[in-house]
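Heads up, there are several structures right after this.
What follows is a pair of complexes built around chain A, which joins chain B in one and chain C in the other.
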Partner chain A sequence: MNWKMSRVVRTVTDIMVVPIIVYGIYLIIHGHLTPGGGFQGGAVIASSTALLIVSYGSFRDYKKDFSSMESLGLTLFILLAIFGILLGATMFHNFGAGTGGLFGGTVPEGINPGYVNTGGTIPMMNIMVGLEVAAALSLILWMMAKASDSMEVEA
Partner chain B sequence: MIYFILQLLVLTGLVITAVAVIWFKDLISAAIALGASSLILSLQFYLLRAPDVAIAEAAVGAALTTAIFIFAIRASEREEGYK
Partner chain C sequence: MSFDLITHSPTMVLGIPLLFAFLTPLADKVSKELRDAVFMMGLLLTVFFVFVMSYEVYTSGAWTYVFGGTESRPTSLTSYFRIMFAADGFSALATITVAITALGAGIYSFAFMDGHSGMEKYYALFLLTFAGVNGMILTADLFNLFVWFEVTSIASCGLIAFQNYRGKSVEAALKYMLISVIGGLFLLVSIGLLYGEYGVLNFYYLAAVMTGGLVDKIALAIIFVVFAMKASSVPMHMWAPDVYSESPGSVTPFIAITSMGSLFVLFRILFGMFRFSMGAVELGTLLIILGLLSMFIGVSMALKQSDVKRLIGYLSVSQIGYMLLAVGVGLTTLENGDYGTFGAMALEGGFFHMINDGVYKALLFLSAAAVVYATGTKDLNRLGGLAHRMPYTTVFFLIGGLSIAGVPPLSGFSSKLLIYKSIYLYHPILAIIALVVSIITFALIGKIFYNAFLGPDLGLTRGEVPTSMLAAMMILTVIVVVFSLFPNYVVAEIVVPAIEGLGVIP
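What follows is the complex of A and B.
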C-alpha cells in the first residue's frame, strides 16, 4: 500500500531531519558534560528515521547496514572495556583520562564551563553506545514498518 | 508560586491526555494522545530536575513508540469496536 504523505509533510520532514540528527550528535558528544549521553542521543537520531519512514512511506534496504552498525558499536564498546584489563587495571578502566590524546585533556580545578576534550574513555563509550542505540532503534522501526506493510522497500 | 502553578497545569494536562487515550474510539487519535501524554510527562521530569530522563522520555515515548503504534494500527483495523 502507498502511504506517501502530502507535500507539506514531506517538505517539513526534509527541513527537520538534519537539525534532529545534529542535535542527537550534540547530545552524544557532550554526554559527559551536559544532560544526555549515548542512549538519549541515539534515540533522538532514531526518531529522524521514524520521521522519514512515516512521511515518505518508503525506505531503502538498510537492514544489513543497521545490523552491522549495531554490532560494530557493541563490539567496539566491549573492546574498549576489555582494553583496561590488557593495560593491567580493571575492566572499564579509564586509561584515556589526562594523557593528552583524544578526549585526554586535563580538567582545570574549580568551577569551569566544561571542556569537551576531557573525560578519557567515557566520551568514546558514549559514542559507541550512541552508534549502537541509533542503529538498533532504526532497525526496530524498519522491521515494524516492513512487517506492517506501511513501507515500500526501495532497491 | 509560579512553580506550583506550572506543576498544577502539567499534572492537569497529564490527567486529561491520559483520560483521552482511553476515551477515543479512533485508535490513531489514541496513539497521538499517548504521545502528547508522554511529552507532558517529559516536561514534568524536567520540572523535577531530571533533564536526562526528560530527553529519553521525549525521544522514546513521544517519537518512537508513537511511530511503532501507528505502524501496528496500519496493519489492523483503525476503528475500535465490537461487531
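What follows is the complex of A and C.
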C-alpha cells in the first residue's frame, strides 16, 4: 500500500490518464461507426485504472463505487431493451433510430464519412456496456492489486 | 402503445431475471432486506411470466417471438434473420420444470445461505443462471443459443464456487468451467460451420435447407457431444458428481436443472433440425446407446458412494439415462412407422419423466442438503437416527426417494411405467435393464434412508432446519404429490403439447 513509482512515472501517468480515458470514450461513442464499441472502449478506460494502480500503488477503497457503476450500467442496458416493449414494439427494438432525438439522426444514403448522431439505441447500449466493462475491469484490477499487496506483506 | 403481457411473456422470462439480477447488487447498497425483497420479486415475477407463457401456449397454441422488430410475430422471410424465440409446448414444459426448481431453490437459499457475505452476488448469479437456462430453452437461433449457453455456464460456475473457503467447491467449479468453456468453444465452431455453409442461424430455416453432407455431420457430432456433456450423459459425466456433491446445497438442484435444460436443447435440436437430414433411426439409436450407458453406469457408480450428495448425483446421471433412452426410442419410431404403436408412448414417458425428475430430484437434493446443514457431515457412515429430530425432512426425503425409485403411487412410477411399456415393444432387453436399474435405485434410496434417518438418535443435530428451507421442500413435495395423483392430466395437458411443439405430427 505504501509504495509508489518514481516521480517521472507518476507525472507521465498524470498526463497520460486523460488521453486514455478520452480515447476510451471515443471508442465507445463511435462504436456503431468504427471498429470498437462498448467492450473495447471500456477496456481502454480500465487500462487507465491499471496505470494509476501501478504508478501510485493500490489506492483507497473504490470497490463500492465500481460495483455500483457496474450494476447501474447493466440495469440501464436491460431497461433500454425492455423500453422497446413499453413503446409498443418488441424487446431490443431500436426505438431511437431516425426519430431526431439523441442519436436519432437519419443516415443519408450512399458513401458518407459516418455520422455520430445516428444509430438510435445502439450507441446508447454501447455507452451502458462501456460503463459496465470499465467498472468491472477496474474492479478486477483493483482486487488483484489488493490481493498481491497483502501477499507481499505475508512474504 | 400498451404493454401486452401475453405477447411479450417469452422475453419477460429473460428480461425480468436479468433486470433483477442487476438490481440486486444496487439494492444491497441500500439494505439487506431490500436486496432479499428484490431477489424474491425477480424470482416470483419470472415464475409468473413462465406460467403466463405456458398458459397461453396451452390455450391458444404456439407462437414465435421475433426480437428487435416492430412486430413480435414473424411477418416475412426477413424475420428469420432476426433472433427468434419459440414459445411452444416444448418450451412450456421445459421452462415450467426450470421454474419449479428455481422457486424451490430460491426460497431454500434464504435460510441456507444465511450468514454468508456477498449474498448480492449469489442472488445475481442465481437469477442470471435462471435467465440463461430459460434463454437456452426458448431460443430458436443457434448463435443466441451459444450466448445463453455461456451465460448459464459462467453464472452457474460462480454459484458452484460460491463457498470458496471450501477448497473442494473451487476444484469442482474449475472442473465445470474447464468443461463448459471447451464445450462452448466447440459449439461455436460447429455453429460457424453451419453458418458458413447456409448463411442462416434459425433452427426452422436450417431444418428446411440442411442437406446432411459431411460438414453438417461434423457440426451435428460436435453439438451432440457438447449438449450430452452438459446433460451429464455417461461418457461425459465425470464433472457431474463432483459438482453436485461440492456445490452449496441450495444451488445443487439448480445445477442439475441446467443440465436438464441442456438435455431439452439437445432434443429440440435433434427433433427440430437434424432429424430431417440425418435420419431419425440413426440419431435415435445413438440416444438409446447413451441412455443405456448412463442408466447402468450411473447407478452402478452410485452403489459404492458413501457421500449422500454424491450418491444422489450419480442417481441423477442414471435418471438422465431414462430420458435419453425413452426419447431415443421415440425418435427411431418417427421413421420406421412404429410411432402409433409405441413411439408416442415412449415420447410421453420420456418427457413426463423429465418434468417429474426435475421436481423430485430437486426435492432429494434439497433434503440431502438439509441433512448436511443440520449435521455438518455428508458421510452416510456417520449419519443416523435423524428421523427423531427432523421428522419433516424425513417425510420429504422419503417422498422424493420413493418417487425416484418408481414406487407405485408416486409420480416417478407413472412416467417409468410409460417408459417400460414402450421400450419393451422396441426391444424387451432394454425394458429389463431399465427395471434392474430402477430396482438398484430403490435399494440405494433404502440405503440412504436407513443410514441417515433410521436407527437410534445419535444426537447429531439439535432439531429441524429453518422454516424457509422446510417451505421450499414443502412446495416441491406438493408438486410431486400433485403429479402423482393426476398423471393423466399432466400427460394430456403438459406433455402432449410438448411433443407437438417439437414438430412431431403423428
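Here is the rule we go by: the second predicted complex is superposed on the first by the 146 of 155 C-alpha atoms of A that agree within 3 Å, B and C clash if a C-alpha of one lies under 4 Å from a C-alpha of the other, contacts with A are read in each partner's own complex, and residues count from 1 in each chain.
Here is the rule we use: a contact is a pair of C-beta atoms (placed from the backbone, for glycine too) under 8 Å apart; a residue touches a chain by one contact, two chains touch by 3 or more.
Here the structure is a predicted model, which is why all the values come from computation and not from measurement.
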Inset, instruction - Once the structures are superposed on A, label A:81 by its partner contacts, choosing first (chain B), second (chain C), both or neither. - result: second
Inset, instruction - With the two complexes superposed on chain A, say which partner A:99 touches: chain B (first), chain C (second), both, or neither. - result: neither
Inset, instruction - Considering only touches as defined above, state whether A:71 meets chain B (first), chain C (second), both or neither. - result: second
Legend entry - First (chain B), second (chain C), both or neither touched by A:117: neither
Inset, instruction - Quick one: classify A:91 as touching chain B (first), chain C (second), both or neither. - result: second
Inset, instruction - Using the touch definition from the top, say if A:11 reaches chain B (first), chain C (second), both or neither. - result: neither
Legend entry - Touching both chain C and chain B, counted on chain A across the two superposed complexes: none
Inset, instruction - Write out the stretch or stretches of chain C touching chain A in their complex. - result: 1-3, 8, 11, 15, 18-19, 22-23, 25-26, 29, 65-72, 83
Inset, instruction - Note which residues of chain A are touching chain C in the complex, please. - result: 64, 67-68, 70-72, 74-75, 78-79, 81-82, 84-94
Legend entry - Footprint of chain B on chain A - complex, ascending: 1, 3, 27, 35-37, 39-40, 43-44, 46-47, 50-51, 53-54, 137, 140-141, 144-145, 147-150
Legend entry - Contact footprint of chain A on chain B as seen in their complex: 51-52, 54-56, 59-60, 63-64, 67-68, 70-72, 74-75
